[in-house]
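There are two complexes below, and they share subunit A, which is joined by subunit B in the first and by subunit C in the second.
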Partner chain A sequence: MIEILSTPSLVTIQDLGRSGFYRYGVCRSGAMDRLALAIGNLLLGNDRGAAGLEIPILPLRLRFNSDLNFSLTGADCGAMLGDRPLPPFWATRAKAEDVLTLNAPRSGCRVYLCVAGGIDVPEVLDSRSTQLRETFGGIEGRALAKGDRIAAVGNDVRLPHAGVGTVPPAVALAAAGDSTTAVRVIPAAEYADYDDASRAAFWSADWKVTVQSNRAGYRLEGPELALTRPRELRSHGVVPGVVQVPAGGQPIIQLADAATMGGYPKIGVVIDADLWRIAQARPGDALRFVECDTAGAADAHDETETYLAQLAADVGRQRRLATAWGVA
Partner chain B sequence: MSASAASLEEPRITPLGSSAILFEAPGAFDIQHQRRIWALADAAATWDMVVEAVPGMTNLMLILARPPRDIGVFETLLRDAWDIGDEKHVEPTVLELSIVYGGEGGPHLHDVAEGAGLSVAEVVRIHTEPDYTVYAVGSHAGYCYLGGLDARLFMPRRKVPLVSIPGGSLSLAGMQTGVSASAGPSGWHTIGRAEISFFDPKRLPPALMKPGDVVRFKAERVIA
Partner chain C sequence: MSLTVADLDDLLARMIAAGLSHLSYSDGRASISMRLDPASAVPLSAVPAPAVAEPETISTASMGRLVFTHPGRPEDVAAEGLTMGAGQAVAYVVSGQAITAVVAEKPGSLGRRLREEGEIVGYGTPVFEFVAHG
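Moving on to the complex of A and B:
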């Protein structure tokens, strides 16, 4: 059991999200940085889709009420377990009464805390993710509050005494450009309807992440994107990654909690494999869009899968070694 | 600027990012085309790699299990299935909703009247006349996209979306009208309010209405 001692707003329980309920209007929800959540789970020997905590704003303090394996992935937040500093992308064992403090991130935007076996809350519509708008999933469909107690499902995995970690994905996975916040985009149905200058600007500009950015979407600021003729579309399905451009000409990237349908013109769609990079961009950071096609997106997907499979194998080997040498 | 979407001559099929595909039907925005979309959705849901087929307004989104290297296979499947021309006919559930038009719950009623060149009373009369068909469910959980709005009330979305409108808000934009199932942002014109729950995650299916069902609006009160 973990007790929340102090928390910022908008800390939620998330897994990899809901699938199969789009036609009832239920968005994917789930971790904004699904890669960090998956890694956090693999470090602990969990299924990669076990539920963890998504922590977007810091600091946060919590206390372990019993011994428990946990991991921290995502943003590097100068975490302290008691007086012991913890590296990012690291799993270790907490003792009963240990206090974990997560401080302001040095880089990145969202921290993921995973626990042995995953967080134990009921599945609703096949997922434990918190659906903030419709208030279900997680704990009563809401963000965590001081005093909340969270139970772990638990597992019998033994970690090396010193813990186990991995190279962060920002280092391990090639970025699409020279900046870590470059994300790959497949042009969408209305791409050709933008004028030449707007299409050129879309690929070349540094798009500033505004403070009006959250789990539903990131509003960006940059050159105005103009259509060659006005478009009023028939509403259609929208997935995380769709870059809509409302009448003001400033793009909005739809993300985990976005509406499942929309009718604004869309200039492109960020590929799934790069959505985690957006989740770790903070207001004031710049994003750059790099053109991609479906084959490139399939390659990026395969690269991510290979990375995760390798990571799971490496971590498993370290755990087995530590157990064999009696240091787990 | 015309508020009505231009019709396509041919089906348009485009990748919607790495793991989804958008099919846009050619032709008019009407119930016949929508019935073909529902039939197409039923067919597509059985295809390999398709996690879900999600009807929109005379369009269909396929969500795939993983990113396909190219979407050619799906283009062929979609075109062929569309060309068969099957329509799905639904035995509709009819929902009658009492609406308070205008006032605090309908802040844009006057804007709509002005935009349409009508009086508030005429807007309400025109809006309560038709039987609206649920074309699609989405945007947020349980929300119904309704077809059947009178052309005199067609108008573009608002330039600046509202940060939040409450659940039960009745709004319209483009060729569409509907009632919010929960509080959230909106770029539409909000003209009234109803007391209704469209979604319950403990129920299966969790949405109250399905495509093909019918909604009628009754003016309980008009605050001019």
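Moving on to the complex of A and C:
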């Protein structure tokens, strides 16, 4: 059991989200940085989709009420377990009464805390993810508050006594471009409807992440994107990653909690393998779009899957050896 | 014959599981011999201090490539003379995508660094001399 001692707003329980309910208007939800959540779970020997905490704003303090394996992935928040500093992308064992403090991030935006076996809350529509707007999933469909107690499903996995971690994805995976926050984008249905200058600017500009950015979407600021002629579109399905351009000409990237329908023109879609990079971008950061096609998106997906498979194998080997060696 | 650190880890795990102290293998062109010394079956950091005062060391608990900065946090550097808390990492061992920590088991100061960045290390390889506090 974990007890929240102090927390900012918007800390939620998330897994990999809901699929199959778009036709009912239920968005995917789930972790914004699904890669970080998967890594956190794999470090602990969990299924990669087990539920964890998504922590977008820091600091946060919590206390372990019993011995428990946990991991921290995503943003590097200078975590301290008692007076012991923890590296990023790390799993270790907390003792009962240990206090974990997550500080302001050194890099990145969202921290994921996973626990042995995953967080034990009921599934709603095949997922444990918190759906804040519709108030279901997680704990009563709400963000965590001081005093909340969170149970872990638990497992019998033993970690090396000093913990085990992984090479972070920002280091292990090929960069999407020259910029640290470059993301690959496939031109979408209305791409050709933008004028030449706008299409050129879309690929060349640094797009500033504005403070009007959250789990539903990131509003960007940059050169105004203009259509060659006005377009009236019927509402249509929208998935995470779609880059819409409302009338003001400033793009919005739809993300985990985005509405399932929309009617704005779509200039592109960020490939799924790069959505984690957006999730870790902070207001004020600059994004750069790099043109990609479906084959490139498939390659990026394969690279990510290879990284996760290698990670699971390598970390699993370290856990088994530590147990055999008597240092788990 | 081409072996990776992961292969060596697997061989070691099989030796431990089977209770073997020595393993030799040859394919006619190359050979490998691994010895599991009972005296080093526990990482040196966990071995009780000898009666005669010798420099304590902080040692590895896994096999792989030794690095003194975390791949995701290059600003952290463990260096000679630094004061370390119990459980604090002084170096890391990278094996494939996995990272394990080389930690000070108790509070103290780092002495001489005994290995170079990027060296391949085995189990129980001393990395720093260490002076415990108190």
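Please note the rule applied: the second predicted complex is superposed on the first by the 328 of 328 C-alpha atoms of A that agree within 3 Å, B and C clash if a C-alpha of one lies under 4 Å from a C-alpha of the other, contacts with A are read in each partner's own complex, and residues count from 1 in each chain.
FYI, a contact is a pair of C-beta atoms (placed from the backbone, for glycine too) under 8 Å apart; a residue touches a chain by one contact, two chains touch by 3 or more.
If you're wondering where the values come from, they're calculated on a predicted model, not measured in any experiment.
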| item | value |
| --- | --- |
| First, second, both or neither for A:P85, with subunit B first and subunit C second | second |
| A:V124 touches, of subunit B and subunit C: first, second, both or neither? | first |
| Partner touching more residues of subunit A, whether subunit B or subunit C | B |
| Partner chain in contact with A:R234 - subunit B first, subunit C second, else both or neither | first |
| Touching partner for A:V26 - first (subunit B), second (subunit C), both, neither | first |
| Which of subunit B and subunit C A:P56 touches, first, second, both or neither | neither |
| Contacts of A:V242 with subunit B and subunit C, given as first, second, both or neither | first |
| Which of subunit B and subunit C A:P265 touches, first, second, both or neither | neither |
| Overlapping contact positions on subunit A, where the subunit C interface meets the subunit B interface | none |
| Subunit C to subunit A touching residues, read off their complex | 6, 9-10, 12-13, 16-17, 41-43, 46, 61-62, 70-73, 76, 85-89, 92, 94-103, 123 |
| Residues of subunit A touching subunit B in the complex | 19-27, 124-125, 131, 133-134, 136-137, 186, 188-189, 216, 230-239, 241-242, 246-248, 259-264, 269-273, 294-295, 297-298, 300-301 |
| Parts of subunit B lying in touch with subunit A, wherever the complex brings them together | 1-5, 12, 14-20, 22, 24, 29, 41, 51-61, 63, 66-71, 136-143, 145, 156-157, 159-161, 173-176, 181-185, 187, 199, 201-202, 205-207 |
| Contact set on subunit A toward subunit C in their complex | 76, 83-85, 87-89, 106, 160-168, 170-172, 307, 310-311, 313-315, 317-318, 320-322, 324-327 |
